[in-house]
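Dropping the structures in below, format is structure tokens.
Shared between the two complexes below is chain A, which pairs with chain B and chain C, respectively.
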Partner chain A sequence: MARPRAAPYVFVAPFVAIFLAFSVYPLVFTARLSLTNWRGVGDPMWVGWDNYAYLLTNDRFWSSLWNSAVLWVLIVPVQLVVGVIVAVLLNSAKLQLRGMYRVAFIVPFVMPLVAVAQIWVVLFDEGYGAVNSLLGSVGLPNVGWLTTGTWAKPTLALLFLWKTTGFIVIIMLSGLQSIDSVLYESASLDGASWSRQLRSITVPLIRRTIMFVVVLQTLAVFQMFAEPFVVTQGGPYSSTTTAGYFLYNHINRADLGTGAANSLLLVVLVMALSLMFVRMLRVEDGS
Partner chain B sequence: MTRTPRTAQTAKPTGARRLTSGHFGRTLAIQAFLMLLLVAFLAPVVWAILSSLKPANDIIRAPLVFDPSSFSLDNYTAMFEDVPIVRGFGNTGVVLVFKGAITMFFAPLAAYGFAKYDFRGKNAIFGMVLITLMLPTIVLIIPLLLEMKTLGWVNTYQGLILVGAIDAFAIFWMRQVISSVPDELLDAARVDGCSEFGIYWRVIVPIIRPALAGLAVLTIMNIYNDFVWPVVIASSDQRATLQVVLSTLAQNITGNRIGADYATVTGELLAASSVALIPLLILFVLLQRHFINGILAGSVKG
Partner chain C sequence: MRTKGPLSRYMRWLATISVLAILALGLVACGSDESTATDPAPTTSDSATTSDSATTSDSATTTSTAPTGNDASNGDLLQAPTEDSPEGQITIWDRSGDLYEVFDATIVRFNEKYPNIIVNHLAVDIDAKLQNTLITGTDVPDGVFLDDAKIGGFSDFLWDLSDVLAPYVDDIASQKVDVNTIDGGVFGVPFDLDPGLLYYNETALAEAGVDATLIETYDDLLDAARDYQATNPESGPIHLEQSPFLGQLQLEMFASQLGTSMADAAGELRLDSPEYEQILTFLDTVREEDLGTRAEYLSPTDIAELENGNQVFYPWAIWFSFAPQQLLTETTGDWRAMELPAWEAGGARSGAMGGSSFVLPREGENSELAWLFYEFLMFDEAGYSAVWGPNDVYPTGLNTSIPSYLPAADPTAPLFEPVEALGGQDLWAVATEAGAQIPGGTPLPSWWAGAVDYLGNNIQRMLDGDLNPSEVISRSTDEIQENLVDRQ
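Up next, the complex of A and B:
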């Protein structure tokens, strides 16, 4: 049946207009901007690769990447292990209260991050927080969760884990649903233990889901911004100045050329990391 | 179908094993572990809401004690005086209505165009959707801010609403949903003299209503919780969204209440956070099925 030719163009036109105005134009602009020195007023001054050279030799740029890398190590492996195990437990039809767990675990993910971050500030206060009060009740000393370089990163990592692990569980669950339950049944008949089944059936068969989670969370961790902005303002001693927060500081100082260069470097880095993880898991697929 | 009898056979030994005491112990351990996790996931939210209803001094003196007889709304009264949270709600409301409406109307419409028509340039244009999906937000922030300055849109509703309107993921998801609607239905409507938009409005929309409900919930959640773009584009008091207001609570409180001590600030901070949590919490309790559908669909966008 003949369909009018103009109709589909009309339907997609609003999206295309917004895409050109607020994605293509700024993207082209950002590349040019990164080669200039500009403070938001007057004419941008052409400086070639200077912004990149400046960043790549700047200790604070590298330490922002390092801080994000440490957070990545504190977050992603923990989240994968907990995510897979909890999803496997919730996937069992015999489990009592299954629906309740599924709903309760997703609550943190639904809550606004900024509000939760504010609650974190109060909960983990060194002198008056509920966490230290709880530790004190079993005789443990107060910990400077947000005031010491040692603990600030783990405390932020905990916030991130608390906020998103339920979401990861849901993703893993959707991956598990594609596994044929016959595999488990024959494995238990052969006497394979629970952990053996996890290693030999579950993990290999949801490798694509795991890969997806790793890429998703790598992007999220390196862009982490609201957590340090609200909870620690990047401190103490810049120990929680993440890559995302460092980038924001360029905007704050109206150092836009450097900021543009920084954002492009960061994108190249996260893209490269994502590609590397995809490759790693592909190679294992082949063996 | 051939595997049904096998399943029935294998189910027996597993069922028999359930009766052993070792299995009972394991079930108990699993329940204990999940229950512990549940408490950990809910405790911060519950603690914050309950604490916000205590006298400010008690929050810091005895953070773990809840005495119903000392129930108090003082933190809320003080917070509404010191924090422009009503204005924050108002701004978020405006953005929610307009940005939400734009996404809910134009994204499924574009998805319909992609799913049910062949037209020149379709693949290229759909490529734009995929690029938007994969592009990290941070690359665009600085040039977008400059674009907003040129347009005079800093601290305006236009800036908050139009940037990121017509969510690419919504198009991607709805395209999958609409693809599964049989073409015969559309052709039948066409024979009956329905216009192309009429087909979308009278045939497609009613069929995909459940997915639209999931999309609506996901859209509300994303817009309500959005922070990075609003804090860059609308940091003025006049246009600050709820999340932006929340992000600078301590400054707001100490700025408006000279000499406020730590207890006062903490009490107001928890009151403000609770006020921000509760609308979503209620929405979630009422529409949890749509939330989980929306989040699940949202998770497979890779």
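Up next, the complex of A and C:
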């Protein structure tokens, strides 16, 4: 009996249609928009590569990338270390009240960002914030946590870490639970310490999970918008204007052509970074 | 045998992607229907890249097609309905919050006058949704509450209200008419007037022997601040705004007092002027002599410094009145308001800071009915009394702004009551008399908010001591010209 040749195409057609409509078409439309100076009204005017040239020669564009890169350095390595260690602790059979700790770690992730931002603003207020009060009690001077270019990025990174690390812990936990417990039992019988087991069993076997987290957080950091928007409005002096926030500024001013060019440059950058991390994973795997 | 390594595979993959991306860009560019700068050909409404063609309204008013400018001769002028009892449904967007509740409560009274018009009143995040709605032309509301600063950016999507406003325009504060006037058309129904006032802590100043009512010029204000500081050495009597956005807004209030603004009516920059030099020099003097408290508007530091008597002068829009009523629990009742000092003796004693209007998108289905709603709210005594007079939301009336319609802003006929948090002061009289002195203005350019990245930040750099007033002006002028004006 002949197999119905059209059947496979019929089955994948809905996905293809949705993919074309909501992924490919917007991408092509964005590419086309990036070559115009369209502001949402009237006829789009062809400007060629002008938007790209403007961005690539604009200090503020590069500064936004730099801000995101610094935030990446402040966030991702810390999150990996904390995520792995906390996940290992939460995965331990000896730990009492494991469920409670797991919930506690995920609570910041589900809290509304606007509420968290308000807490941050009050905690880190330069004149009357709780953090500076604590510093003052041990004789240290007030720090402009949110009002100086030096400290605004670390303060913002701290908010991001506090809010999202619980989610990373959950991902790491899922990776840990795929490791066969026999490996740990054997290592224990051979006298391997906890830290040796962490280095020689846990980390190598959740490398793919770690890389997934790195890619995920790289995307998140370079697209970070809401945190600076509600806490610092990109300031002071644009020191927390991330790549995502810089892009938003173009869109918000109806400079849609430049915004489209900016978004495509970001796509290329983030894709290149992600590929680099995936490549590193493969090299480590020997594949 | 030598095999290709992972790196070369990666490079090959990346190269392939790059070539495909360039090809795709080239193809879409070749096939595009974009016009050039000299090709003003109208587009059709089904184009994915245009949305400015007007719909055929089912109303009794106008049917306009593909308007591309604001020329009053091309059918962009909204006309009022001619029926005795017009009927239909209108969708009105307002920001959520107290003001939404106030407007919502007026609908009952509006329906007493127009019983056949159904008002679908929605609380909407206008900043987030309006642009997309106007561009796509879907679910376009009939009327929208909008910051004056944003009208310039949307005027191509809006009805020119010159005809319907004609009976009222001579009785509207000129500054409000001016900010809504673009290329000869009027694109918003002016809502509120937000006169700048000088708020001061009368109790604290009296204890220091300083009589604020004697202040007439900004030099007097500096002297009063020096006198206050002499008895309160830890104080920084005058507020210096730390938010770049609000700092720029306050700067424009001072400029409005001097009859100027960042851009002229044609959108040309005019920062490089003696007026801006004078204003920035005043702010720089406050910083240099340590006469100011630098804080973000009503941030924890700001509130604490207002409450402890360190900060006693607050040159701000009328809407600061919210603070003594709601936030300054320790010093409520100690505060008073007066007209701003003048820049020169005998000069204007107020300028505009902020403000909003109502706009009517051309693609709204029943814009002409929405006009009736706004006409009622702003120009009918029953309407504006319902907005500013005592109501369920504001039992003593809405005292954070005054009407821009001059017959409604009569100093002798207050709509809201004296403010207890200002020691029972008649804020209405102070604000309406100040409002009457605000010089005419100009429309705010569409790039106004974007200028915060340059001018707003440079003001802060000056307050840090890193720039002087001349440098703020020259640097901001260059940056705004290059990044905003030239890219329009």
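In the analysis below, the second predicted complex is superposed on the first by the 260 of 287 C-alpha atoms of A that agree within 3 Å, B and C clash if a C-alpha of one lies under 4 Å from a C-alpha of the other, contacts with A are read in each partner's own complex, and residues count from 1 in each chain.
Just so it is clear, contacts are C-beta pairs under 8 Å (C-beta built on N, C-alpha and C of every residue); 3 or more make two chains touch, one makes a residue touch a chain.
Not measured: the values here are computed from a predicted model.
> One more residue to check, A:G129. First (chain B), second (chain C), both or neither?
In the superposition, A:G129 touches chain B and chain C alike.
> Per the overlay, which chain contacts more chain A residues, chain B or chain C?
After superposition, B is the partner touching more of chain A.
> First (chain B), second (chain C), both or neither: which does A:P108 touch?
Touch status of A:P108: first partner only.
> Report for A:F29: first if it touches chain B alone, second if chain C alone, otherwise both or neither.
After superposing on A, A:F29 lies in contact with both chain B and chain C.
> According to the stated criteria, A:P154 is in contact with first (chain B), second (chain C), both, or neither; which is it?
Neither: A:P154 stays clear of chain B and chain C.
> For A:G144, is the partner it touches chain B (first), chain C (second), both, or none of the two (neither)?
Touch status of A:G144: no partner.
> Applying the document's definition of touch, where does A:R5 land relative to chain B and chain C: first, second, both, or neither?
Once the two structures are laid over each other on A, A:R5 reaches chain B alone.
> Considering only the contact definition stated at the top, list the common interface residues of chain A for chain B and chain C.
Looking at chain A, the two contact sets intersect at 29, 33, 40, 121-122, 125, 127-129.
> Provide the residue numbers of chain B that touch chain A in the complex, in ascending order.
3, 6-7, 10-11, 13-14, 18, 30-31, 33-34, 37-38, 40-42, 44-45, 47-48, 51, 59-64, 106-107, 109-110, 112-114, 117, 119, 122, 125, 128-129, 131-132, 135-147, 149, 162-166, 168, 171, 187, 190, 196-197, 200, 221, 224-225, 227-228, 231-232, 242-243, 246-247, 249, 262, 266, 269-270, 272-273, 276-277, 280-281, 284, 288, 291-292, 295-296, 299-300, 302
> Which residues of chain C touch chain A once you look at their complex with the stated criterion?
6-7, 10, 13-14, 17, 21, 24-25, 28-29, 32, 34-37, 39-43, 48-52, 68, 127, 131, 134-135, 153, 156-157, 242-245, 295, 299-301, 304-305, 446-447, 449-450, 453, 457, 460-461, 483, 487
> Quick one: in the complex, what on chain A touches chain B?
Touch list, chain A to chain B: 1, 3-5, 7-12, 14-16, 18-19, 21-23, 25-27, 29-30, 33, 40, 86, 89-90, 94-97, 100-123, 125, 127-130, 133-134, 137, 162, 166-167, 170-171, 174, 181-182, 185-186, 188-189, 212, 215-216, 219, 223, 225-226, 229-230, 244, 247-248, 250-251, 256, 259-260, 263-264, 266-267, 270.
> Which residues of chain A touch chain C in the complex?
28-29, 31-38, 40-46, 48, 54, 58, 60, 121-122, 125-129, 147, 233, 235-238, 249, 252-255, 258, 268, 271-272, 275, 279, 282-283
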